[in-house]
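The chains carry the letters A, B and C, assigned in the order they are written, with residues numbered from 1 in each.
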Amino acid sequence: MSESPETPFEPVESKENDTFSTETPVTGKSKMTAAWSSDEGESEGVAAVASLPQGQVFEQNYQPWNGTLNPRWMRNWAILRHHVLGIFRKGHRPWGIPTRLFIFFVILASCTDIALALLASLVGSTELYDMFGVNRNNLYGHVLGFWPRNILYFPVVAALLVGGMISEDRAHGTSALYFSRPISRFDYASMKFLSIAIILFLIIDGTLALYYFSEVLVMGRGWSWIIDTFPMFLGAFLCGILLSFTYTSIGLALSSISRGRFFPAIGLIAILMGTKTMAAIINGLFDKSTLYVISPYDSVAHVCQAIMGIDSSYGELSWTWSLASVIIINGIALYLLATRVSTLEVTRE
Amino acid sequence: MMPDLDQHGHAETKEWTPDVKAPVVMLDRVSKQYGRINALNGVSLGISGGVTGILGMNGAGKSTLFKLLMGKLRASSGAVRLFGTDPWRNSAPYSRVGFVPEHEKLHDWMTAFDFVVTFARLYGLTRDEAKVEATRVLDFVDLKDVMHKKIGQYSKGMRQRVKIAHALVNDPDLIILDEPLQGCDPLARTTIMNVIKELGRMGRTVLVSSHILHEIERITEQIVILHRGRVVALGNSHAIREMLDQHPHKILLECNKPKDVAKSIMDIDEVTGLHFVSDGKLLIETRHLGVVHQQLPDIIVQNGHQVTGIDNPDDDLQSILRYLTGGF
Amino acid sequence: MSSKMDTIWSKLDRKATAISEFTMRQYRTRVSTWAIMIAAFLALFLMLLFYAEAMNSEVEAIDNDNDGLFNEDDFDWDNLGAYNSSVGFDDDGDCTNRTTVSQRDTNDNNIECDIKIVWNAISEEWVIEGDIGVDEDPDEEKYVKEAGHRAFILGIGKFGIVYLLGIFLPLFLATGLVREEMSSGTMHYMLAKPIARGEILLYRIIGYLGIVWPYIIVICTLLCVFTGLMGPGDGFFRWADIGVWMSIAWATMMVTLVYGMIFCTFGILWKNGVVLSIIFAVWELGMAFVALFSGGDSPIQHFSVIGWGLTIVDSGVAMAWADNNTLITMGLWGGGHENMDWWSGFSENEPLPGAEPLSAFTGNPGLGISNWLSFILSTLILIVQAAVTWFIGQAIFKGKEVD
């Protein structure tokens, strides 16, 4: 091939290099020495270097970008929106079908007390109403009843939500989509946290509000009733927030330390169920409620019993210990989450 | 049968023997559908011996074809046979097959040596045999120095070599390589190609799929071209080119006075067209490449033309592919 | 053409050991495996601390027979039988002043001045009958420690180990055995070999068991040693407990086998198989509670996996601690006068502390056959469950296209 005069390079003269040209006869045991030889210099597998008679230098001018960035809250809102709307709309985070179905199922199942209270009012049965109508215990039970809400519904929803939140970003390298943009790691973690907490909050407190207000509507409750019962409702509402927050922080902390989708989900269930069972066994055996402080569910439940003025089911254990436990558990989880996210390396693994 | 817990002794002689009359790889009117997508449509081919290149655009069905051969997918219709046996029903043929998959995922926590040894044992080798074979193949791909390092620390090219080593450990009769040059640096590519050529010469059947056409050309003339799930060409690449009548062959002449050369060449019957592409270049079109090439030197010499270069710009795989697949 | 099927199923031992060893190494090198095992170990150790505290605390004495004295009439601990026991000769003058033997032995059990506790197999109830005038004032501390110790082993064994470990170890480790390999693409290296898919599944499970079973054995051994040394009793080590711990370990091993197969199959069946596994785990918790509350008598529990595991433990307990039911009965009775209508539910005495938890955690094997047969039958049923699940799992796996 003739050289055109514009190229700055002279023709390369290759040295004796018969190990890898196409004309090389392929012999019995050809080894891939040439390409990756970690040789000590004896072999002839050396490529020649082109020489430059003339060169060119291109001047680079870097200028700072003087455009305007949209406000931080808009970016964060975009992340939040993406995660929350993805539950029921296309075009946002594609939550899997089982997650969506299960959330739908849990919302329906959480409304059983509404249905039963309405039934009671329809039928006019006072016994049925006493069992299912709005009162202190039922408001508490709507949020913190153990079976089936806090063994099957809420923890499993939380587990399904937190499963791949951060771990999938790590595994597939999609965290690069966030961090190559002006989004701080704090924003990233907090928006993910908020999105899960909001979904849980809507499920727990949304159905609670439905329960309370459907009672007002259907039973034709007057203002005096509302004034009487609203503090209880508010108490239960706050408990719902506390529960959502706690489940989210534990779950997300687990998601930030793992790389798979299974581990955080199962880990959350294991922590919630395992600690509860252990504490219950010790309580049954030795009549000691102390171990309940390691159980997140029981700690939150105990605090909420105190908030709502319900008799404590935790023996001699003081609710202040449970409150301390809730704070410590959340603190540890959030600390773990913060450390892991701040050291997250954006490589595709 | 007592379990061979000590793992001494030799691998037993194989009870399954390949069917000698059947082609090594055979597909008979194979179709594969994913929902409404027809990944493969009525593909029939038989391959035995030598190196065969499987070519096609993205989405042509190359990966699907390979997955069918490897028993990962089941054909929607038609028959797939390796050494005469259906691999979906019976994985016995795999004792004679080595497969280098396209995707990169390996067990990063294992060393290359451990990886090759562990999976070699699935062919029925004892631990010692596996270690010997693993050392042999890792030496063959020149990873012997680093074979006790974790795969997670390897570069892309090294990972590719680990996969090749793993595929060669049982000395297979059929080797299938799906995009083996992907991610390799240029020197690595040449050497892998040499290895493939070597394997072909040793009498193995090698199937290679690649996008890097000019390198496929260097190792084999036997090709299969897939397009949209169908086989559009099969056989020797030059023969195929000959058959593409509607696309006349081109000969590019570089000379000082193209017009004069053109006048002399016009007399040749087989020449169907002449174009002046630029100052100093003459493009000849003909349907009979060989005949024209035979007559050209005489004409040039007799008329004293100064010709500095003769080239066949479209007698390559890229052109074949473009003509057959519509340039998409 | 040669027999093609031979080739896949040949040299099984080499392929089996290769895959099993690979699986064990794969899990051993993962941090999550160690994290789970250490977390479980710490949790059980934490509970052991409570146990240790209870064993070292003092128990308040109660005057069970209202005679102003405390614990002067303790049970005859050395003669606690399985079905027919006596609290022993009561020499405190309640009946020794009677003149004739027949007056001193009105309950006709050839022991004078005692109270007998007998299991009436026909009416299926315990009968407590005493010689006239005899009453008992057992030693609470001794009883509480013994009952508390046994209840702890049963509670931890059945719920902590058989249920929690038995469910969560497979949930963490077995769900992804095949599914993770399929998702990540590394399953290819096992599939493209002359080996049947059913074999792959089986050997992966064996590898998983190679991690889980030793762990269970170590945990149970450690707990056995600690509770054996710290437990109440005269000897320095409670040898009788070994049988109970062995049955706990065996039950957990069987249960992890079955759950492992089930969760692995869920994973093969569906990409999100973990959801099914979690729901199944909650079902099993419900069944465990049914078994607990019914004392092992409910037939419903046998529609689950855990029910059979708990039956194994119950059979083992019935064999190792033959006097367990007697102890419970005596504790629920609470000492006091023999002529109280104990069995008709009327008793002026509180049960001895520790009796109710022990009663709650003890179960009856409930199959109506001997204890050994119960044990073996439950084991066999669990093995059959595992085999059936394997069969289903490999059939699904065989038809799966692995992209």
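The criterion applied here is as follows: contacts are C-beta pairs under 8 Å (C-beta built on N, C-alpha and C of every residue); 3 or more make two chains touch, one makes a residue touch a chain.
Keep in mind it's a predicted model, so treat the numbers as computed, not measured.
Asker: Please check whether dropping chain B from consideration leaves the other chains as one piece, and if not, give the groups.
Answerer: Without chain B, the chains stay as one piece.
Asker: Would you kindly say which chain has the C-alpha centre located farthest from the C-alpha centre of chain C?
Answerer: Result for the farthest chain: B.
Asker: Quick check on this structure: which chain has its C-alpha centroid closest to the centroid of all protein C-alpha atoms?
Answerer: Here the chain at the core of the arrangement is A.
Asker: Could you tell me between which two chains the number of C-beta pairs in contact is largest?
Answerer: Highest contact count belongs to chains B-C.
Asker: Express in whole angstrom the distance between the two chain centres, defined as the mean CA positions of chain A and chain B.
Answerer: Comparing mean C-alpha positions, chain B is 45 Å from chain A.
Asker: Can you work out the whole-Å distance between the CA centroids of chain A and chain C?
Answerer: Centre-to-centre distance between chain A and chain C: 36 Å.
Asker: I'd like the Å distance between the centres of chain B and chain C, where a centre is the mean of that chain's Cα atoms.
Answerer: Averaging C-alpha atoms per chain gives centres 61 Å apart.
Asker: Sort out for me which residues of chain C touch chain B in the complex.
Answerer: 1-8, 10-15, 17-19, 21-22, 25-26, 29, 184-186, 188-197, 399, 401-403
Asker: Enumerate the contact residues on chain A facing chain C in the complex.
Answerer: 96, 98, 102, 151-152, 156, 159-160, 258, 260-263, 265-267, 269-270, 273-275, 277-278, 281-282, 284-286, 288, 290-291, 294
Asker: Touching chain C in the complex: which residues of chain B?
Answerer: 3-5, 7, 11-12, 14-17, 19, 67, 70-74, 84-85, 90-95, 97, 99, 101, 103, 105-107, 109-110, 118-119, 121-126, 166
Asker: What residues of chain C sit close enough to touch chain A in their complex?
Answerer: Going through chain C, the ones touching chain A are 32, 36, 43, 46-47, 50-51, 53-54, 148, 151-152, 155-156, 159-160, 163-164, 168, 171-172, 175-176, 180, 272, 274-275, 278-279, 281-282, 285, 357, 360-361.
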